[in-house]
Amino acid sequence: MERKINEECGIFGIFGEAKHSHQTARTVYYALYALQHRGQQSCGISIGNREKKVVVCHKDLGLVSEVFDGSILDTLDGDMAVGHTRYASADKNTRDNAQPLSINYNKGTLSIVLNGAIANAPELRRILEKQGAIFQSTGDTEVIACLISRERLVSKSIEEAVSRVVPLLKGAFSMLVMSPQKLIAVRDPYGIRPLCIGRVGSATVFASESCAISAVGGKFLRDLDPGEIVLVTDDGIESIRDHCGGNQAMCIFEHIYFARPDSIIDGQSVYESRLEAGRILAEASPVDADIVIGVPDSGLIAAMGYAEKSGIPYREGLIRNRYIGRTFIQPRQGERAQSVMIKLGPIEANVKGKRVVMVDDSIVRGTTINQLVELLRYAGAAEVHIRISSPEFLWPCYFGTDIPSRDRLALVKYTKDEFCKKIGADSLEFLPLDRVTDVAKNSKVKFCDACFSGKYPFDVTEDLAQKDFEYNIEKR
Amino acid sequence: MERKINEECGIFGIFGEAKHSHQTARTVYYALYALQHRGQQSCGISIGNREKKVVVCHKDLGLVSEVFDGSILDTLDGDMAVGHTRYASADKNTRDNAQPLSINYNKGTLSIVLNGAIANAPELRRILEKQGAIFQSTGDTEVIACLISRERLVSKSIEEAVSRVVPLLKGAFSMLVMSPQKLIAVRDPYGIRPLCIGRVGSATVFASESCAISAVGGKFLRDLDPGEIVLVTDDGIESIRDHCGGNQAMCIFEHIYFARPDSIIDGQSVYESRLEAGRILAEASPVDADIVIGVPDSGLIAAMGYAEKSGIPYREGLIRNRYIGRTFIQPRQGERAQSVMIKLGPIEANVKGKRVVMVDDSIVRGTTINQLVELLRYAGAAEVHIRISSPEFLWPCYFGTDIPSRDRLALVKYTKDEFCKKIGADSLEFLPLDRVTDVAKNSKVKFCDACFSGKYPFDVTEDLAQKDFEYNIEKR
Amino acid sequence: MERKINEECGIFGIFGEAKHSHQTARTVYYALYALQHRGQQSCGISIGNREKKVVVCHKDLGLVSEVFDGSILDTLDGDMAVGHTRYASADKNTRDNAQPLSINYNKGTLSIVLNGAIANAPELRRILEKQGAIFQSTGDTEVIACLISRERLVSKSIEEAVSRVVPLLKGAFSMLVMSPQKLIAVRDPYGIRPLCIGRVGSATVFASESCAISAVGGKFLRDLDPGEIVLVTDDGIESIRDHCGGNQAMCIFEHIYFARPDSIIDGQSVYESRLEAGRILAEASPVDADIVIGVPDSGLIAAMGYAEKSGIPYREGLIRNRYIGRTFIQPRQGERAQSVMIKLGPIEANVKGKRVVMVDDSIVRGTTINQLVELLRYAGAAEVHIRISSPEFLWPCYFGTDIPSRDRLALVKYTKDEFCKKIGADSLEFLPLDRVTDVAKNSKVKFCDACFSGKYPFDVTEDLAQKDFEYNIEKR
Amino acid sequence: MERKINEECGIFGIFGEAKHSHQTARTVYYALYALQHRGQQSCGISIGNREKKVVVCHKDLGLVSEVFDGSILDTLDGDMAVGHTRYASADKNTRDNAQPLSINYNKGTLSIVLNGAIANAPELRRILEKQGAIFQSTGDTEVIACLISRERLVSKSIEEAVSRVVPLLKGAFSMLVMSPQKLIAVRDPYGIRPLCIGRVGSATVFASESCAISAVGGKFLRDLDPGEIVLVTDDGIESIRDHCGGNQAMCIFEHIYFARPDSIIDGQSVYESRLEAGRILAEASPVDADIVIGVPDSGLIAAMGYAEKSGIPYREGLIRNRYIGRTFIQPRQGERAQSVMIKLGPIEANVKGKRVVMVDDSIVRGTTINQLVELLRYAGAAEVHIRISSPEFLWPCYFGTDIPSRDRLALVKYTKDEFCKKIGADSLEFLPLDRVTDVAKNSKVKFCDACFSGKYPFDVTEDLAQKDFEYNIEKR
């Protein structure tokens, strides 16, 4: 199962070394590994040594375990760092877009990592270019770096420069900025992507998700508020709240699919959100059946919630092959060994002769769900009822995920009933749209559900999907 | 979680092409991928083209997805093949021991794949060497090849030669032998390792586990009987049963741990075996607790069985990081980020303040279980009760797994109570030894439980663990 | 023999495709391969497709044959291109500094390749940073790109912008600039590095050396004049000579060592220059000897010249091992197999009992010459007289070679006689300083011999060797 | 220029460590590197530690510098070793055929390296197979190992077993055999391939060519006599001469092309042989011309000999590009950049308007010589006269080179005059057949010139070129 929608990034930062300086890099390494689900195309670490006044940045295409090895980590010696793990759609998967972005500017060095996407980046680029700026990548991070550099000329500090840049940016931007002596964390005013702060030993850390802090044996402190800027220096931690207090629009899909179930975001357990989604789904769309199964791995928790609420027993119906690799050869059209059978094995003992409820988290392009139905029939299922733990996916996202245009969305092309018939299921139901944000009722922030409702937190009338077409350098 | 005990091999064979000849290699590729859990160190395919009278063998160290790519598969053109995926202890992980073993001998070519281990191989080597034989590997397969070649000189057919070799071998040997025009499958008289037969299109296939047949869209026919030899030629399938009918000693650990849960072995669903092990454990060792969790992935099914029988709710307590790679850098002793925390994230929402029953499949060296207890305490568990879905592991295995000597087994070094205290658990219980084979009550064959009981199916008085010491060539 | 001094770059550009568009990339590939002696650390090609309005840039660390393969070349589809091959001292050998530099700016795209070094780059960086510019590399090319982008804002055309930038730069800069519809070649006003123009089919090409034009079957037209800017568009070729006519200072070391002997630079055959250097040396420093040998490969031609003029027979005394690879393991100090013996084999039949004149091109650090003397003695040479076909190397170069500081130069640390004694030679003589430019008497331009004479073409009083120390980001 | 004919192997052995045990492996490494011209497809080292009684063998496809790195060499710890570097025709370039061959047999271990080819190997295989032997490669070395193992059963020592095997083998076999405590060197009774003995520190070494002994700072002692077996043990060196004294048939092509010019073989300097070939050629085929040039690198020395004898000045006419790599992309048919122009650059200054004599060592397939003529015409040569420093190549070789069949030999397909016309040369002459062995007049042994004369040293009436067709396993 390839991920259906891809989050664009995971970020992590650390200020102050835990024990000795080489642990700084290793801590980031393990934290990025814990955030690997947020991006598998490229990754990198930029590490600063405040005493030696040196910044070293290592990044490349590949997984964390591929880009770094022991000898590389041993050369990354410092007492503060930022790290990044990145998803990118195929045509943008270039080294130039890999992060961190490390630059020299009028006050020395800056290393920046970004989780998100800036909707007005094309406009900002044009303005900067008209002042003579050059761009070496197609990424939004370079635009932000350029803006910070310019605002720094009229600011008393790097944090002031960063704060001046925030109102210029329209979009999602959980971001870390490392200057020669400071680490700055920013969560955009809508709080679209998560960002939290914690401690590891005596060091302060920032992470996209709390699971990364746990993975390195640290202590989660709190989430950043939407619009909050946190500054860490040798003098301590300072919060700048000039941009707080506006509308909130945290991405609900983080709870449904993106985030790891062992993370807690804005006070809400992701595991609990998925269980609750299953429960709500059982309430809203019950069915007379013998067992409930989930589609591994992302549908399993909601399936347990459905089973719990409906009283129908939970069973595993599909076993996922754990060894799929980057270089695995996909079966060709018409080969007996179909893609989905290679990756998932049906447990005949559980499904044979049974009426099965199969729970999955979402239908985006809808390309494999019919194979799943077929697989269950092959294993002898008497009926196959599909329950989806999110509403119908109908609108594109401009905030750092890869859903570019409506015409590829299954539920735009077909009505629910047409699609149910097309995939050969006995029934198909979705989480009701008006209940989607109920799944995370403990969250301290409000949500963006634009991909289901079409209601974006701000105006996105430009054809943003086309935004990069004019930047036509392809680098490798 | 590294696998605690390693099975040595998965094998697959095909005779007769499904549609066109290039599909033969691809079918083996996908089948080996489905058997990847039985060996990740090396793999290979030997493919025969009966018309062109050519055998091509490609093998190397690495996963199936690493050793083969599309361009290699496209050059593997034939209408019969054998494939192998192999585990090997570190010091034997050489290319020379990779399989299939392809040789020239007095009747042309032979390609052999073996799942198992021959206990009297050192003795057989010495006998053969005294007749002038030379050996290029330390593997048992080369000994078998040499014996077949010699017996072929006095046999009317390759199947007669193979049948003559069977009584000479003492040990586990599910094996496939491909000659220029025939494919022969052998399961040793004790039936220690599984081997089954099926059909894919018009081709006959053999596989270590039925999941590999399902993965390529095939139809499972039946398991080979212990001692059965099956011969496939253009004239059809023939069964040679001269060695059938003796004592049976199928490895019970295949059901507890080695095999994939979606396989059915000798009539028994592996998933059902694990669920039943959990149920028996709940009966035998109940405990007053709030939730049952399993150690991913191998303890999850038994945990569900325990929950079902005990009535205590099943929850996920630990989330496994799916991105662990071959080149991942393990944390060093004393680093905050401990090995187990990198790989497993505790779900605080589920375990905080709860009395937890944690089910795992076995304790062999016992090196990580204390970290698991610590991890649950870190996440706030009030009590941690460990339940193991197999008996205490006390004796070495000589039949193709990698448990070399007793002194490394946790439950040999410590009593159960000592070990429970050492790992800091509130209680620790194992599946009762007298009920271990009850887990697979539908199996058509009897079992070997020597690793728990010390009762081996035949005399293993020689110091077999030392057997390879005299072969001192190390090749790379 | 590692190269003693390293030239920093070779450049090549093409405008207008020869036959079909994929040949554009292949033509650059073969041309860069012919310029590989000018840089082996990284290389790249930026190709423009004027119809599709797309620029694709592929570059990486490694040799031309390593960075590009057939499938990559096949994706480089266009009708104009610039290519680069680069030497870089170890600490700067990063991907970020690899060229071409491809950018987006206010008028679309630019791809720039540079052979040379800008002495006042640090000062220019500071000025640009004070206007808000950010820098992602430590290379001079990025500074130039930034200047061109700014000047373009006040220019009517890209060629006007380039022409405005020329007077701002102090140093060596043979350079190619590719805009969406134009290719511009620039040779700095001193003409320090070579740059020539030719035709391949109907396409116009530029190359650092004429050998690259020959290698792709093209026709050499002429060298650019110092200060000349050549503009190529669909309308033809135009020469801008606003910066011509000043002092000339072509690097004489191009003739002595850097350039390929089959190149002709500014009207002078490099082969002939080296032969002439040998002849002048024989005149100036005769010796009574039996044979003349050269140090492979760079000393062979001068040795022939010495033999010709002196009448002493030329023989090969040392055979170079052709298989040295990038990953070859150097012998450790004190091992019998000394570095030089691994690379050069003495021909005993030629040198045994003979009085030998050994000609080499230069002595820079002087680290291996004593091993060469030892090697000849080991092979039985009666006497070893060393003749160097350039004057004593005494001053650093700031124009794109890697001689950073005087204290590593052998002839600064020792007098000629001390050094002769130290290396155990019977005599040691150099080309007279006042005759060094006589070696290239047909050249149409005058020369810089600052590395021998200390007379730089312009003031280099700043401590230029330290110039990069303030830029402390290390990227990989 | 790819090598026209490929020698199959270089071998090296050492007994007794120089200083400390890790130097043993490094000494072999450097020696194999010096023998790299004798084979570039695969290489390996088998090292024995007599104290620990362990043999470690590392081998793979690739150059010496690719197969070994520092960390591998550091693990190769021992006090005796054999090494091999191998050429193989494309279809046999498999890991299974890489050497050394390391085996276990009735007396422990054997490691064997072979330079040569056994003409009656197919017959020997059949005999061995009829006794039950199995073969895992298509190489002759495995046949020899099998014979030694059997003869060892009836011999008192390994050296007796080796001596018993010698009369069974028909062909070329310079060979080293390392047993647990002994190193044995064998040169076949005809002495077809070279093999010499030397000392490095206190260790005894064997090498295919003396250049390898020089490269590791050792002292050449003498060549083995044809048929001689040399045994090295802790008790010293012993010579077994039972098979000496027959006809001699050293390969004359070793002097003309295969060997390195700084080697001395059987008392004759290879450099001197090539110079003499040029001199004889000048005598036999004079021509009125302005300059003599050689085809780099193998034609250069003969060109100097031609120049010396004829009095016509020697010049370099073609410069070879040194950076050609294994992965270099060859130009396609019809591309302007022709293969030969990429590799060789003509020096116009030398050839323009001149009548040129171009000397090369041999014409085998004759595929590139016409491009060389064209290249010289392109550079302005007035006349091109080709002189070849060997006779016409008319017959295949069965002794370890890769000339498989007559129908690919240029001078079999065409008469000399036809071929001269076809390639567009002004004249074409070869070394007279009756003078070919005069080139090495100081050699202590007689020669085989069968490739020119068709007179083989023994009967080769079987269709030996077909010999491997029945062995149809292809391994990778």
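For clarity, chains are labelled A, B, C and D in written order, and residue numbers in each chain start from 1.
Here is the rule we go by: a contact is a pair of C-beta atoms (placed from the backbone, for glycine too) under 8 Å apart; a residue touches a chain by one contact, two chains touch by 3 or more.
Since the structure is predicted, the reported quantities are computational estimates derived from the model, not experimental observations.
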item: Chain B to chain C, fewest steps along touching chains; value: 2
item: Per Cα centroids, the chain farthest from chain B; value: C
item: Rounded Å distance, chain A centre to chain C centre (Cα mean); value: 47
item: Where chain A and chain D are represented by their mean Cα positions, the distance between them in whole Å; value: 60
item: Whole-Å separation of chain centres (CA-atom averages), chain A against chain B; value: 37
item: Touching two or more other chains - residue numbers and ranges from chain B; value: none
item: All pairs of touching chains, each written as two labels joined by a dash; value: A-B, A-C, B-D, C-D
item: Chain B residues within the chain A interface of the complex; value: 18, 23, 26-27, 29-30, 33-34, 36-37, 40, 63-66, 68-70, 73, 200-201, 211, 214-218, 260-262, 264, 269, 271-272, 297, 300-301, 304, 314, 316, 319, 321-329, 331-332, 335-338, 341-342, 345-350
item: Touching residues (chain side chain D, partner chain B) in the complex; value: 53-60, 72, 95, 101-106, 108-110, 125, 129-136, 145-146, 149-150, 152-153, 471-476
